[in-house]
Structure formats: C-alpha cells, structure tokens
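Here the structure comes first, spelled out in structure tokens, and everything after it is commentary.
Labels run A, B, C and D following the written order; every chain starts at residue 1.
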Amino acid sequence: MKKGIKIATIGGGSSYTPELVEGFIKRYDELPVKELWLVDIEEGREKLEIVGNMAKRMVKAAGIDCEVHLTLNRREALKDVDFVTTQFRVGLLDARIKDERIPLSHGMIGQETNGAGGMFKAFRTIPVILDIVKDMKELCPDAWLINFTNPSGMVTEAVLRYGKWEKVIGLCNVPVGAVKSAAAVLNKKEEDLFFKFAGINHLHWHRVFDKDGTELTEKVIDALYGPNADPAVVVENIKNMRFLYEQVKNLKMLPCPYHRYYYMTDNMLKEELEAFHNEGTRGEVVKRIEAKLFELYKDPNLDHKPEELSKRGGAHYSDAACEIINSIYNNKGTVMVVSTRNNGAIDDLPYDCAVEVSSIIRAHGAEPVNFGKFPPAQRGLLQLMKAMEELTIEAAVTGDYATALQAFTLNPLVPSGDIAKTVLDEMLEAHKDYLPQFFPKEAAVH
Amino acid sequence: MKKGIKIATIGGGSSYTPELVEGFIKRYDELPVKELWLVDIEEGREKLEIVGNMAKRMVKAAGIDCEVHLTLNRREALKDVDFVTTQFRVGLLDARIKDERIPLSHGMIGQETNGAGGMFKAFRTIPVILDIVKDMKELCPDAWLINFTNPSGMVTEAVLRYGKWEKVIGLCNVPVGAVKSAAAVLNKKEEDLFFKFAGINHLHWHRVFDKDGTELTEKVIDALYGPNADPAVVVENIKNMRFLYEQVKNLKMLPCPYHRYYYMTDNMLKEELEAFHNEGTRGEVVKRIEAKLFELYKDPNLDHKPEELSKRGGAHYSDAACEIINSIYNNKGTVMVVSTRNNGAIDDLPYDCAVEVSSIIRAHGAEPVNFGKFPPAQRGLLQLMKAMEELTIEAAVTGDYATALQAFTLNPLVPSGDIAKTVLDEMLEAHKDYLPQFFPKEAAVH
Amino acid sequence: MKKGIKIATIGGGSSYTPELVEGFIKRYDELPVKELWLVDIEEGREKLEIVGNMAKRMVKAAGIDCEVHLTLNRREALKDVDFVTTQFRVGLLDARIKDERIPLSHGMIGQETNGAGGMFKAFRTIPVILDIVKDMKELCPDAWLINFTNPSGMVTEAVLRYGKWEKVIGLCNVPVGAVKSAAAVLNKKEEDLFFKFAGINHLHWHRVFDKDGTELTEKVIDALYGPNADPAVVVENIKNMRFLYEQVKNLKMLPCPYHRYYYMTDNMLKEELEAFHNEGTRGEVVKRIEAKLFELYKDPNLDHKPEELSKRGGAHYSDAACEIINSIYNNKGTVMVVSTRNNGAIDDLPYDCAVEVSSIIRAHGAEPVNFGKFPPAQRGLLQLMKAMEELTIEAAVTGDYATALQAFTLNPLVPSGDIAKTVLDEMLEAHKDYLPQFFPKEAAVH
Amino acid sequence: MKKGIKIATIGGGSSYTPELVEGFIKRYDELPVKELWLVDIEEGREKLEIVGNMAKRMVKAAGIDCEVHLTLNRREALKDVDFVTTQFRVGLLDARIKDERIPLSHGMIGQETNGAGGMFKAFRTIPVILDIVKDMKELCPDAWLINFTNPSGMVTEAVLRYGKWEKVIGLCNVPVGAVKSAAAVLNKKEEDLFFKFAGINHLHWHRVFDKDGTELTEKVIDALYGPNADPAVVVENIKNMRFLYEQVKNLKMLPCPYHRYYYMTDNMLKEELEAFHNEGTRGEVVKRIEAKLFELYKDPNLDHKPEELSKRGGAHYSDAACEIINSIYNNKGTVMVVSTRNNGAIDDLPYDCAVEVSSIIRAHGAEPVNFGKFPPAQRGLLQLMKAMEELTIEAAVTGDYATALQAFTLNPLVPSGDIAKTVLDEMLEAHKDYLPQFFPKEAAVH
C-alpha cells in the first residue's frame, strides 16, 4: 500500500469537503494522498463544482502533489481506490427538514439522527450505501470504507450485516468533542487523559482516567453538570446540554450530548417545538448557513478552509476521518472511537452488531478495547436502542411496512400508538422518491 | 408434608379472600387445608373481620374440617405454616389512587403496576415483603411463599435477590385470562391447546399450539386484533384492548393486555386522562366497588363468593394461587405461568433475575420451560423494562434518591427530564408515611 | 394427523425391530400404526427378511390392523409417512468391531460411541442421515424423524445444522436405565420421582427429586457408588459401573454410565484391553449374540419378542421411540429425555447445538426444561466434548482430514500426538468404503 | 506517584533477581526505583544474601540512586511500597522435583505448571499469595501486585476472586518468546508486527499481522511447523517444539509452547519418561544450573547479570515485569500480554475469571483488547482447562479433598480413575508440610 494513496469521497460536493482536504494537506508527509476523487450526483453538480474548485485551489496553495478529480461517475472514481469516504446526504437538506418538521408537527421529537427523523434517514441512506458496497466489491475489493454519513452506526451495521463487507469503519465527531470538553473542564492536556468509550453511535458513555491512574469521571460530571458548573469553563455549544445532575451522577459515566434526547426528552421536545414555531428547525438553520458557505466557496481567491465552516456543526468530523485513514495507512495503533463490529466487546449487545467503542486502529483494522457489561441504567436503554436499530436497518433493507412500524413503536422518542402509524405513513409519503424499497413499482403506501 | 396443611394469608382482609377460600374448598379432597390464618394490620382490622367472618361461614357451609383464624399478629400466624400467600396492599386503595392521580395530573400514565405508580407500589411493598421473609426464616423456614401482591414480578425478584429466599413463586391472573380468550376465539378447549409464555410480569408474550402441533398464534392475533375481529366472540373486558394490527402481527407472538401501555401509550394516556377528568381513575372506581362488596360480605347469610366480586378485577388470581399450592403439595407437574428465577430460561435477561414463564410446577418448585432468545422487537422492550425493574427494586431496598430518579428516567411511561424529577418528588412526599427507607429519621425529601 | 399412522423404519433389519413392533402393538389403541415400512439395504436383505417376517407374525398374533412392508427401496417407504425411525448401522457390526479393535491395538479406548470409534461411527453415519433427510424433504416434508442410530447426539446435531431439518428428535435408552436404577435403589416408584437430566448424548448428568420436593440425588449417589453400596440392590448390568465415590459425590449430580470412559479412563482401558486380548470386544460379543437371535427369529412359530433380546443391550431403546411417537401423536406432554436443539436450555453450550435434556414432548415437538449453568466440573468436560462433537460432525460432512485430526486431538479418549494421526490414518483406510467424503474419486488417504 | 518508586520483591533470593535488577537499572531514567526490598524466608536466607549482595554491586556499578534492602520481614518491606513483585517458590526446587517425579513414576506427565505438578504448585502457592494480599491491604493498599510466580494465571485468579484485590497483573515470558520467534522466522522487526494473543496462562493462541494489515499467522505456522520448516531459522529452544502440522495449521492461530502438553501428550510423555530415567527431570537439571549460578553470584567482582542465567529458563520474565511497571508508572499505553480479569474479553470463558490477553497497559491498569469467540478446537480445550483451574484454585483455598480429586479427574494430563486418586494421595503426603489447608491440625490424608 506504500505507494501514493487514492481516495474517493462520495458526496464530495458537501460543505464539509474543505475540512477533509485540509486534513489531507496537513498530513501529507506521512499520508501522501496523490488522487482525491470527489463524487456527487446530478442533483449536486453545482455544489460539487463550487467546492471541488475550492479544493483544487487549496491543494495548489499547499503545494502538494495531489490531483483533485470531480465526477458524477461513481464507478470511475471507485476504480482501484485505497479508501472510500462517504459523506453524502440522500435527498439533501430538504429531506432533513422534513425529518424534523413532520414529527414536530405531531408533537414529537424531530431530529435528523434520533427518533422518526433518524429512522427515515436510515431508510433513505442504507440502500445507497449497499449499492456503493456492491460497486466496491467489483472495483476496489481491498479498499477501506470510512463512513461518516449518518446515522453512522446503523449505516455501518448495514454494511457489515447485509453488505457482507468487513473493511468498514463508522465515524462520528461526538467523541472528539467529548474529549475536548473533558480536557477543558479538567484543565488538562488531552494526551494526558485516557478515555474509555462504549455504546452505539450517538448513544455512548465514557469514563476518563488521569495519567496517574485516577478515575476522573465523576469530577467531569460535576464540572459539566453539577450545581456549581462554571459556564465560563464549559466549552461553547454544550452550554445548553442540560441533564439532571443526580441522574447523570448516578450513571458514574459521562453521557454523550445526544443522551439529552433520551434523558431530557420532555425538555428537548419543548425546545424543538419552540424553534419549530419560530426560527425554524436545525435543518432550516443549517440550510441558511450552507448557502452562505457556498457563496464564500465561490470566491476564486479563497484557498483555505474558512472560519465560518465551524458554525456548520460537524467540526472535527472530517479531521477524524483523515486521522483514521492515517492510522490505518501507517499502522499507528492510535486509540480512536469508531463504529465497528461488536464481537463481544460490549457483552450486553448482540455479538454481530455494530458498536461504537474505543479501539486500537491498525493497518488490519479496528481492534476494540474490551468493555464488558454495563450497569442496568445504561444497559436497558442501550439494549432497547440496539433492538430499534436492528428493526430499522431490516426495514431499510426489506422495505417491510410492519417492520418499520415495529421500529417506530420501539423508539422511545416516538409515542407509540395510532400516532406512530400516522407519522410513519405521512413520512413514507413525503420521502417516497427516495424509498424505492417501500414503494415497489406503483404500489401505494399502506 | 402429607399431614393437613396450614396456610397464612398476609392481607387476609382483602376483598379477594372469598375467591381464595372458595379455591381451597373446592380442592379440599386433594388439598386438605386444615388451618387458614388470615392476617392483617390494625388499619385493616374492620375489613379483616368482615371478610374473615364471611370466610368462616363459607367453610362451615362447605362442611370441611378447616379452622379459619383472624389475627393482627403476623408472627403468630406464620409459625410452622406450609404456605404463605401475600395479597396485601401497603397504604390501601388510597395509595393506589395517588399512584394514579399524581402522574396523570402531570400528563403522564397513572397506573398501579406500570409507570410511576407501579414503581411507587414497589417502593412501598418491597420493604414489607422483605420483613415477612425475615420472619419466615425464623418461623417457617420450609414454607413456600406464594406472592400475588403487585408488582408481582419485582416483589418476587426482591425476595430472591435481597431476601435470599428461594422458595417463592410469583403469580398473576393475566396468563389465565390470555388462555381463556385464545380458547374462546379459537373455539377450542383450553386443555387441547399448549401455551408458551415468556417475559416478565405484566410484560410477557405467548405462543399457542394446537393439539396436532400446528401453531395457532397468528390465527389468534388475527381473531383478536385483525381487521375482521368479531367483537361478539372476543370476551368481555378485552374489547378495548386496542393494538395496531400490523405491529402485533409482526411480533408473531401474542402480547399481554398490559402491553397496551407500551405499544399504545398515546392512546392509553388519552383514555386515562378522560377518566381522570370524569368518572375517576380505576382506583377510585375499585374503591366504590369494594365498598359495595364489603357491604355484601357483612350479610350474615352470605356464605359463598358473590357474583359481584368478578367486577373487582383480579378474577382467577386467587384460584391460580390455590392451583399452585395444589401442584406443589401434590407434585402434579402442571404447567403454569409463574414468576421465578430466570436461570437462563430467557437468554436475553440477566441470569439471576425474576421472569414470568411457563413452568412445570412440582413439589420441589417451578421448573421453567426453556424459552431462549426473543426477536429484536420483544427483546429491546423486555431488556429495557428489566433494567428499569432492577433499578426500582434497588431503590426500594436502599431508599436511594438518585437510583429512583434513574429508574424514572428509564421507564418508558414516564417522560424523562425535569418533569420526571418533579413527579418523583411529589410522589415521595405524598407516600412519605410508607417509605421509611427514603426518609430515614427526619431527613426531608431531596 | 388423526388418521392411521404410517411409519418407516430405516435399518428395519436390525435385531431391535421386535421390540419396536412390540411397542407399537401394546400402544395400538392410542397409537394406531396402520403401516410399518421396514427398510434396509441390499447388504442387509437377509436379516430384513428374517426379522421382517417375524414382525409380520407378531402383528398377526396381536390381531391388530397393521400392514408390515419389507423393502430395499427407501424412497418408496418414505412416501407420505408420519414418522421415520432410524436404527441403521453403516458397515454393520464388522465396522463396529474395527472401531473397537484398531484403537485398542494402539493402546487406547476402543468403543462404538466414544473415542476414535464413536467418531468414525459419526463419519460413516452422518452422510447417510443427511441423504435420508434430503429424501424426506421431498417425500414426507411433514414427518418427524426419530433417530436412534448412534452417535445419537451428533446425528441429531448434523440433521439440525447441516440438514436444516427441524422435526428431529434423538433418542437413547441410557436415561431410561438411569430412572430404573434410581427407583430401584430408592425402593420407590418411578412415577413418584422427578428426574432432571441435562448434557449431551452419552454425557449427561441428572438430579432426582422425591414427590414431596426433597432432592434425593446424593442418596442415590451413596446407594450406587458409596462405600456401603449394596450389590444386591444395584440392578444387574451396572454392577461394574465403577466410579470414585468422592469424585461423583462432589458432582452433586448423578453421572451416566458412559461417564466411566471419562472419569475412570485408566480403569476402563484396562478392562477393554483385557477383553480385547481374550473374549473379544463388545462388538464381537454382540455379533455372536445377534447370530443366535437371528436363528431364533427364523423360527416360524415365534410371534413375540424373545427374552434373549434383552442381552443384546439397547433394551428400552425401541420402547422409548414408541413412547416419543405416542407423545407427539397424542400431544401427551410427557417429560422425556431427548436430543434436541439447545436454544439456551444449557447456558454453557452453543445456542444452536444439540443437547440431551428432560423435555416436554407435545405434538409440536420437544420443549426442553430449562437447565441453566453447570458447576465447573461438569461444565469443563461438557464443553470440551461438545467442541469435539462439532469438529467431528464438520469432518463427517466435509471429509476434511485436518478437521478430523483436530477432533481426534481434542477427544480425551484419544492420546494426542503422533499416535492420534497414526490411528486416524489406519481407521480411514479400514473404513474407506463407507467414507466417500474423505476419499473423493481415487484420492488416497493423507 | 511521581516521587521515587519503592518496590518489594517477594522471593527476592531467586536466581532471577539479577535480571530484574538489570531491568530496573536500564530503565532508571524513566522509572526511578529508589528502594528495592528483596524479601525472602528463613529457608532462603543464604540465597537471599548471595543474590542480594550481587544486586547491591550491580546498582553500585550502575551508579544509580537506589537502595537495595535485604529482609526476612515481609511486613517491613511491604510498608508503603508502590509495586510488589512476586517470584517466590514454596518448597523450593525440591518441591518442583516431587511435582515432576511422582506423576512420572506413575506414568503420567510430570511438569511444574501442567498436570498434577502444576496443580500442586497452585495448592502450595495460593495460600501464600492470599496471605501477602492480606498484608498489602493493610500496609500498601494502593500498590500494584505484579505476579510472576507460577502457575501465574491461577495465582492471579485466586488474588482477584478470593483475595478481592483488583490491582494485580499476572505475567509470563512465553508471549515474549513467541513474538521473538515469529519475528525471527518472518525476518521482520518485532515493532512492525501486531500480535493478538488470547487464552489463559500457558494455554493461549495468537495471530500475527504485518504493518500493511496482512495477516501472517499461517505463514508463521508454516515456517515453524511446516514440512519445510528450516531449523536454522527457528530459534534455539523451540527446535523440539513438535506439533502435527495439519492440526496446528487447521487452528489458523499459533499455539504456545505449552500446547505441546495437550496437543502432543503422548510424545511429551515419552520424552519426559526418558529424562526421568536418565539425566533427571527439568527440575533436577535446573537445580544443578542454579547451584552453579549461585557460585557465580558469590563472586564479589561480579556486578552484572551473567550470561549463564539465560540457560536457567525464564529469560525475559523479569524484564517483562520491569516493562509492566514502567508502563503503569508512566501511563505508556503499551500493548502487552498479561493475566487479568476477563470481563468478557474472551466470550467463551466465565466473566470474572483470569485470562491472558493482549492488553493496553496504563496507569489505571490493564485494558484487554477484545477477543470474542474462539472456534471449537480452541474453545473446547480452553473451557476444559479453565474449569480445571477453577476447581484447582477452589481446592487450594478450601483444602477440600474431593474438589482436588475433581480437578485431577478433569485435567487432561492426569489419566482419570483409580490412578488419579493414588497420585493425589501420594502427592498430598509428599507436600504435606506446605499444605496446611489440606491437613488441619493433625488430620491424616484421606
């Protein structure tokens, strides 16, 4: 593999691409990316051209030997690549906005990776990723698939279970942020701390250890969520990450930000409904931010990642992807938090499902650090959510209506009963164009 | 053991007692109960006398050789008994009404064995049952404890795990009803069908097999919940047992009636709120029924179980208790559905927890029929609920506020967030007199 | 199914057949076998005719309405049957004698269901049973397969795992004998005792309970193996069933007779070598007994099972088969010990393997009584043996030499090392004609 | 902890001590050992003085600031230490020689960590280690216990399970040797390879990966055990490490050298019997080597580890101990192979047992890399051996004769039957002085 590296990025027209390119540029000495193929679909042609040209300017400004290719032909790009990264969004931000607004219009959580919205994102995304895997088997059978399309955990599990593709790693930037905020409140260097994460994507917990072996987990809980938490120290963005102190303290582990949807459901719903009725959902906000970003990207003089990208959310996502690729390529043995096959690392979950755990990253892949069993509070929620994920993935693959309804019934963010069916039906209809598995030929919704 | 049998019934002043007495009378030939000790507390003295005298009349009318004793001295009653049955209700119906009305007043499910209400019933009941077990170790170390105080599954688990008492069986009348309704819609005799139940108390699923080996489960699902379900055939009482047909059909198992709280949460909540604002909660209705029942029981000419008792709910409960006792005493090998230690009968749950499963009942106890693994839809909910039970039991034993809050957070019928804490605090205050473990000495609520 | 029953018996020329026929005759009222097809192969034509004609005489003498058919055409017999029973022996007793003599000639245990011999019996038998299953799928897809060909557990597992045939039950007469000997030494009626068996075929343990719930296991251990064991009470045949008293007492469960091979390996080997050098191995003895039996069977006046059959070994085997069929046909719910899929009944073994456990037998099949976890002494040996079985079955199906060698290495009755390979090679050569999977086309042994 | 380090070495009079001292000297810059307490018992006073004085000379020659203390007072040494290392041998080499010769005199494997000998080493050692732990709780409750007294895995499990002491790591030099031999035959640098070990002490398997992610395991199997293995490349010492090529190839993992006892039992027994009847057992050889070593150590001019120590066996043992201490002290995150609590890292073994697995070593302890499930060939042997270990440890703690006999019966290197009891009895008698738990007061052997 120690020749130059060829990478294909599916969804290359994404606003994230500059961070990815920056990540490759700054690692070029140890990770010589010689070809970067940015792939998109007809619908995204304009964005691909804007961001692709900017990528070319960045590479040129950096003075590295790397060709950036823009293409709408995925198969051309996949040919003989070493790594495929995925950051596509089926149906673009308009689909996300529907994922948010439809549930909210029925008084339930509307969010792009949780609740009904996250399930529909899985329904739209999984058939596409399985199609990519089909192409990879033919065109680049030795490549690694580094997925950061959400819902990242379910996508990874679909690739493993239904795609029968082993060389996949799922990524998320949440653990990166958790490490940063713990280091900040402890006033310690990240590299002096050891983090042990376990759970599933957007639903994991972690413990923190100091370099002398002392566990600092409760100290971080206190600093972030305790009665005397100092907002000045707490990093921006998580200021509104409200939890009940007694409850998270009782966990003896740190929750992830998405736990707010499960631990503070009522409060989160109120916040979301407020936004829904006023400035718009997060998807609508992001759409406005993106429009501005693309205006910036058009500037033929811009040849580096602009500051404004950080507002987009998803910071560190692409950088984490570069670091994974680097660790694999250089067999570094870095400990990172990734979605990978469980194989018993978490005893409470099925052996062959995908989990998100601290793992050693080497050339042969991710080796999870063993976690073992969770105490009941974590275990119960985690097991429920994994079962919900299994059903969601199955429905995404089979297009079976009853399985989708079952998954809706199980999801704790979807009130069960007639309302679940009503929302399911409405969302199926709204996303019809991206759900061929549920609408074979001309068949109408249930 | 083949001498005459001595039984102590804790909560002997219950309105259920006549069914229990009737059960013993009709089994007298094979199950010669020579002494029945009805035990109650000072608060229940009047009810004990009314129902106890009625029990005496019943026994006399039946012409059997059985002494009925009424006592407020539990230890006197427990001395050398063969079986202890428990049907007490800490705080009487007034506590139940609080369990229902407080959550409903905050817009959440209020029910006596589910949600916040069920958890508080556990908080009040578990310390008392552990105290009974302590007495049994001293006074009747070879006796069987047949518990039908709710929440029956959690009470059984508390006895096993914290009471370290092995000879306990938990009971519920729900499986009896499920058998009857399946037989009714299939128009077959109960004894020609085989039922395989598994889950936990008030959250189990079952499959039905015909005498030629055909599985009839889906047929029963169709008959009870399908688009063409015939209300005339469906037995009274379950007419309002609404489910989403596609969802229960997808289970390939029959849910229990309490599943409505989890599968039709939104609908159930609306129904409950309607009652809350109008005729009153179930507890209030039952209180009125009971008042009438006790008026009947006062009649010195009444010497048999009156028809009106069937409206009380809980029919077949006491009869099931008699049948368990009979199966143990006579080593009958009957297959019944009971709460007992898991020991791996259900692979998805902890080895040492209590489960409710079809079991062979013999003199040495309950031998569960192996069940194995559930599919994901059942598994996820079941695992969540068991974790919630573990936390609830732990909080009931330790009186730890954070553990109680954790259990509230996990319970799918309690919206998580600030509202959970508010309701927890309000209920702790309301039930203060029955929760010494949460209020040691003079300490105020959190 | 309540028409008359049609049964096909593969290996119908076996000397066991009269017991089977007797079993059907005596159950005729509740189990009306209208057609019994005795099937054998060309090699066994003579025996089939002798024993088949005897079967016809038995049926006639009994005056029941049952046709006995003799055929060498297996497919003709399988057509539309309700039950298939298997009692064939690939390679006849001569193959058994090789299974015994070759290992013994190298100083290791030579026995037909244990050690190298049992593994080769599996190698010869499994391809044939899978071929039968293939026919059954086509000719009698609703039939039950009742297997009593040894090694019964491995054959059952092969049918489940590789044959993908669910309606199979494996049988053995060992548990029947264990029940009889426990009842004898306790001087109690079998029906007053409850037995809980668990393990795998020829390697299971059991506990015994009295009708008042008292566990009698240790009492039976003492009576059978204790220092004061009374040979007069101990039933014939098990008098030489030597165990170390302290060791079996420590098990707190009763071992099965075949445990002698694992618990008393050294002593058993000495006994076998003695026989090997003198009167011949058990196979040679049985061959002489069988010759005499078939002489008896030839007698045109003999129309009932002769006493002499009991010396053959395997008594109660066929009767157990009749009882299983009866329990299935009449949905009796009898508790019997059978080989069936584990599904977690024994936690220490793989979920999908075959185990031999006390099970409720109903029309829809065998429902194992849950067993749970064994203590370490039982667990370790059981897990080793199951792994050995898995490898043996895999080798039997694939004909892979290295897998067979691996199984030999794991088997505790085969000393590992060069000697294992030597014996494997010699036995492969000796049984070559019955092992096409190991000798595709003309390829020589490894 | 970043003050100077204080270490106590129990069994400080061992011939290994110079390697340990050398290890501390060469790491002094990052691992500043300021006090080294060499502890021994009266019986070992002379050896302690010889080797202790040599240690003092080594430290002096190295010019480091480290005090070496010699003491027979264990409690004085343990006071406030940071690390305790254990390398004691109860009963000295004479006990080892009995562990070897008694079994061999009965024709069974006689080896110090396997078979009957290893079990007796556990019987003698475990009570002493538990006594050390008792002192540690009082005198150095924050210290780490680094055990390299054999049987290292059982000793570690005893400390965890019965000593209730979490801060323990068990060590062995076998993985170090395996890494060296794989690197040698592959002609690659150790640091370019990744090794994944799992199993239990002296019974683990490993896989090898190249720095480009390619698995090299089978290549190493071929190089070491294949028909074309080149003795010139194969490192000394393992030249006689015979395995059956087909069998180890089928494992798809590399066995450890001690696997020869289980995979080549017959051959190993012959080799041992040959030595037993000629040059003497390994213990006798080692005794002669040690005598010479101590002669060398007496030389007042010797101030460095002599070459001759490498013949002693156990090379790299002490160096591994220094490296573990270094990794803990400096929170290095090195991946090493250690005995630690399973917690599900190996799914096939009990959750709370000790396993030997590749682990990340940090200041808070060993974090095992998850392994998951073994294929059946490894699984069966591993599960058997772990059960045998559990029984051995239990017998070592309780002194229960029947449990010891059970462990003997299970051990595959001890032929079961009367001979097992005979050898057990003879060894109990021979080691009587070191087995107070089996001989309370004056009670005679069974």
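Going forward, contacts are C-beta pairs under 8 Å (C-beta built on N, C-alpha and C of every residue); 3 or more make two chains touch, one makes a residue touch a chain.
Predicted model only: the values in this text are computed from it and were never measured.
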item	value
Where chain B and chain C overlap in contact partners, by chain label	none
Interchain centroid distance [CA atoms averaged], chain A/chain D, Å	45
Inter-centroid spacing, chain C versus chain A (mean Cα positions, whole Å)	55
Sites on chain B at which at least two other chains make contact	none
Chain-level touch network, classified as line, ring, star, complete or other	ring
For the chain C and chain D complex, residues of the former touching the latter	244, 246-247, 249-251, 262-268, 376-377, 379-381, 383-388, 390-391, 401-403, 405-406, 409-410, 412, 415-421, 446
List of chain B residues in touch with chain C within their complex	1-2, 192, 194, 196, 209-215, 328, 331, 333, 335, 343-345, 347, 351, 360, 362-365, 367-373
